[in-house]
Amino acid sequence: MKKPEEGWRRKLYTIIFEADTPAGKLFDVVLIASIILSVLAVMLDSVQSIRQDYGSHLYIVEWFFTILFTIEYVLRIACVDNKRGYIFSFFGIVDFLAIIPTYIGLFLPASRYLLVIRSLRILRIFRVLKLVQYINEANFLKEALKASRRKIFVFLFAVMTLVVIAGSLLYVVEGAENGFTSIPRSIYWAIVTLTTVGFGDIAPQTSLGQALASLIMILGYGIIAVPTGIVSYEMSNTLKSQLISPMCPSCGKENHDVDALYCNQCGSKLLKE
Amino acid sequence: MKKPEEGWRRKLYTIIFEADTPAGKLFDVVLIASIILSVLAVMLDSVQSIRQDYGSHLYIVEWFFTILFTIEYVLRIACVDNKRGYIFSFFGIVDFLAIIPTYIGLFLPASRYLLVIRSLRILRIFRVLKLVQYINEANFLKEALKASRRKIFVFLFAVMTLVVIAGSLLYVVEGAENGFTSIPRSIYWAIVTLTTVGFGDIAPQTSLGQALASLIMILGYGIIAVPTGIVSYEMSNTLKSQLISPMCPSCGKENHDVDALYCNQCGSKLLKE
Amino acid sequence: MKKPEEGWRRKLYTIIFEADTPAGKLFDVVLIASIILSVLAVMLDSVQSIRQDYGSHLYIVEWFFTILFTIEYVLRIACVDNKRGYIFSFFGIVDFLAIIPTYIGLFLPASRYLLVIRSLRILRIFRVLKLVQYINEANFLKEALKASRRKIFVFLFAVMTLVVIAGSLLYVVEGAENGFTSIPRSIYWAIVTLTTVGFGDIAPQTSLGQALASLIMILGYGIIAVPTGIVSYEMSNTLKSQLISPMCPSCGKENHDVDALYCNQCGSKLLKE
Amino acid sequence: MKKPEEGWRRKLYTIIFEADTPAGKLFDVVLIASIILSVLAVMLDSVQSIRQDYGSHLYIVEWFFTILFTIEYVLRIACVDNKRGYIFSFFGIVDFLAIIPTYIGLFLPASRYLLVIRSLRILRIFRVLKLVQYINEANFLKEALKASRRKIFVFLFAVMTLVVIAGSLLYVVEGAENGFTSIPRSIYWAIVTLTTVGFGDIAPQTSLGQALASLIMILGYGIIAVPTGIVSYEMSNTLKSQLISPMCPSCGKENHDVDALYCNQCGSKLLKE
């Protein structure tokens, strides 16, 4: 995002969107604390017994944070140049969703749905990650996952086919009398089983069903190795290209061999850290 | 599969079996959509409440897709040269199974078994994977799994022995009064436990049984590392041979040894990146 | 094991203990089939309904295999030189345990305990693995596990400490009224939870208990990475030293560097496959 | 910790804190046995039936070990120079917690809380690990985990966000009538599901809830690959730097580059094994 040229908006921008000044750091710390406290308030509000005893206190807390976040939202809009860009960005929408349910609650009776939208506030905490040293690690994980997304897609596709067939089979074998009342429900059971979650709310009762279930379980136990292998590989690839190879100081070429002493593009000596 | 020499059969072949013309791509997209919709119809048909309300609509949908797939099946047979080869290939059989249950349903009362065969249609979607860029990823996963199949076989063999012994032990220790009514059922329990699924429909009640179960669980928790390690290793091997080895600039041969300096086919010097 | 010098004992030894003659291969195939069938008979015998209907048939089958295995056992003893060595070897004891329960059953009323000892026969199948090409894979897995056994021991030790402390904590927090009736039972629950099995026969009911359980689950979910990492690493180490480095044709030295062209012991040129 | 200069305190220090003399080794073995037996006594004491029958025996055992550990504790304090340093070190506190509950039990009625503090004695066993060869392996695992702690933190952070949102969603979709009585409880369920534990004490009943749960399970099944990948990578990194690089024969510097031929500190030629 472009930084405003000068004046109070530039100052505000430095505090709100950046984290390399004392004021910017303080702002981020206060923001994290507010987000966590406000999400905690949402959670407590959903517990029947706490709501009965402390409902009015939580209502005040809720309004306090809503007003705080509203001021923050207005200031954010005020100090960016590209206002439309911010408002419709991912975090812009999250910021908006963080405040709107409380206002809607004034006109409509408070419903569970509003409660949940309020819990989306937790997503805002990610924007503050930028201030800490964790940004590199987060990027690293993101890169590794991005690099493996196609393989993971093919894998999930195969898993989907598997659970559809397994679900259909157990629907036939076990039938409604053993809890497999329909194919979608059987597929739900197959997912529960293949992922080794195993709630046990539905479980095969017939011998054939248990034999088939055993097969699915061993399959699930075995194929978990596949995504693990994928991510491990991509992760080591990502890290290798980030860490091992120094950038050529003359021509900027990256991805040199591990033992390269000179850039293989321009012959400059490489500076190893 | 050999492509027909010329004429309308060649054209049809290009559309149905290949995906590098606009018509071929359109055909594949329509086919994927039809497959998914027809499998969804099968699933909905198995839900009691939906069947009661929309049974006749689903019946029409079912016949619509069956006729569509029948036409496709006839055209596929028409345009390949080696008809027998296609009909008895894996996808040939899947294509046949995708249409036959509806016709059988005309003579026999619709049973759950026919329903499930219809759900095998989902397998057809894999034939369309060829059109997208995912074919490389799929091949990669296939290669890695193929390379590790022997190790996985030995591993599964050891797991099988383990669950037979563990199942027998718990049958003795717990007995029929705690749900371990027979050795096969105890083995089913051992698989549920070792794979960390843990339905909880059967669970040891005695102290000794729980101690043995603890052992099995820790074993299962530990040995899941084995298939993961196998696949990770083979995967990185597969990818290495795909990525690291440069292509010969003269003859185009790939998959050279990691340390090859000259192409082992034509003797040209390899350019390592 | 030393091979007998000559005569019928040498011939028998070749058939029974080795697998590189047609007779030796046939023997192994028949043995595998017998083992699997006899274990299946043991399993079926434990199912109440099958026993009632086919008990006498199974009794005959049982005696048939017992006599077969007894003959085999006697022949094995006859044809090895070091008889004591065979009898007290691992497979010698397994061979003995495979036949003795049926004879004991003549004098004592058949009990479940004898049934289970009979199921140990499945272990015998491992001795036949030698005949197939899987011996390399089995050795590979064994090597990798052996190399990582110390790290796995330290890991299991840490896990044990964790479940003792977690079990004690939940015993205090939840108490007997929620199923955590004693510390050993709580430890059993902690193992069920940490290994992500999750039977659900015991589950925390209080808020604090559920919070602690959440912690244990996330820990268990995270630390499963540790044994996986250990085995993956050792596996890739094992394979590397087995596969990549060629043996020196002059001096027999193994474990050369990946890119070695000459033996670093005697200077002979290495033949890469 | 600094060793005392001379006299009986030095001798005692050698026995208690070190393990390279016969007396020191004997001390460690006796200590391990005492710790394990005393923890076993604590566990048995929590079992209702055992307590009723052998309560007085266990009480004597408990006092025996408490006095033993008290003497050990006093001797440890006596023979270190920096007494305050020992007392407030991690193991100093654990040593103190190992003995104090029994004394408190004299004045207060024995409560479950004291029982649990006594079970913390198991932590003491780690101090004895120093004597065996496992210290390297333990250090190795510690290093690998330390190196990956930031990535794991980011990962746990993302998981936390996920379970908060998933928990809130299922609270709305399923509601109190299906066991999702509050957002914290729903989050507990989301953790149980995402980590593939799956107790089954709470399980979604509605179709939409089951569909969402399926998504969470597949996510959980997939993202377990992330910590595994992280630890695998760091582990191989840690080991590489430990094993591959030879030690300089002149100056003893370790951790040379993989391809280093000369020590980069003193220029001596490195001897590669």
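Order of writing sets the labels: A, B, C and D. Residues in every chain begin at 1.
In this section, a contact is a pair of C-beta atoms (placed from the backbone, for glycine too) under 8 Å apart; a residue touches a chain by one contact, two chains touch by 3 or more.
Remember, predicted model here, so these are calculated numbers, not experimental data.
Q: Call it same or different for chain B and chain C: same when shared residue numbers make up over half of all numbers used at their interface.
A: At the contact between chain B and chain C, which are copies of one sequence, the residues are largely different (under half shared).
Q: Comparing centres built from CA atoms, which chain ends up most distant from chain A?
A: Result for the farthest chain: C.
Q: Between chain C and chain D, how many degrees of rotation does a Cα superposition need? Round to steps of 5.
A: 90
Q: For the interfaces B-D and A-B, which has the higher count of C-beta pairs in contact?
A: Greater number of contacting C-beta pairs: A-B.
Q: Sharing more than half its contact pairs with A-D, counted by residue number, which one of A-C, B-D or C-D qualifies?
A: Of the listed pairs A-C, B-D or C-D, the one copying the A-D interface is C-D.
Q: Report, in whole Å, the distance between the mean C-alpha point of chain A and the mean C-alpha point of chain B.
A: Computed from C-alpha means, the inter-chain centre distance equals 29 Å.
Q: Could you work out how far the Cα centre of chain B sits from that of chain D, in whole Å?
A: 41
Q: Touching two or more other chains, which residues of chain C qualify?
A: 184, 187, 196-200, 220, 224, 228-230, 232, 236
Q: Using the touch rule from the top, collect the residues of chain D that touch chain C in their complex.
A: It comes out as residues 39, 42-44, 46-48, 112-113, 115-116, 119-120, 122-123, 125-126, 129, 133-134, 137-138, 140-141, 144-145, 152, 156, 159, 184-185, 187-188, 191-192, 194-201, 224, 227-232, 234-236, 239.
Q: Across the complex, what residues on chain A touch chain C?
A: 196-200, 228, 232
Q: Touching chain C in the complex: which residues of chain B?
A: Chain B reaches chain C through residues 150-151, 153-155, 157-158, 160-161, 164-165, 168-169, 171-172, 175-176, 181-184, 187, 193, 196-200, 203, 207, 210-211, 213-214, 217-218, 220-222, 224-226, 228-230, 232-233, 236, 257-259.
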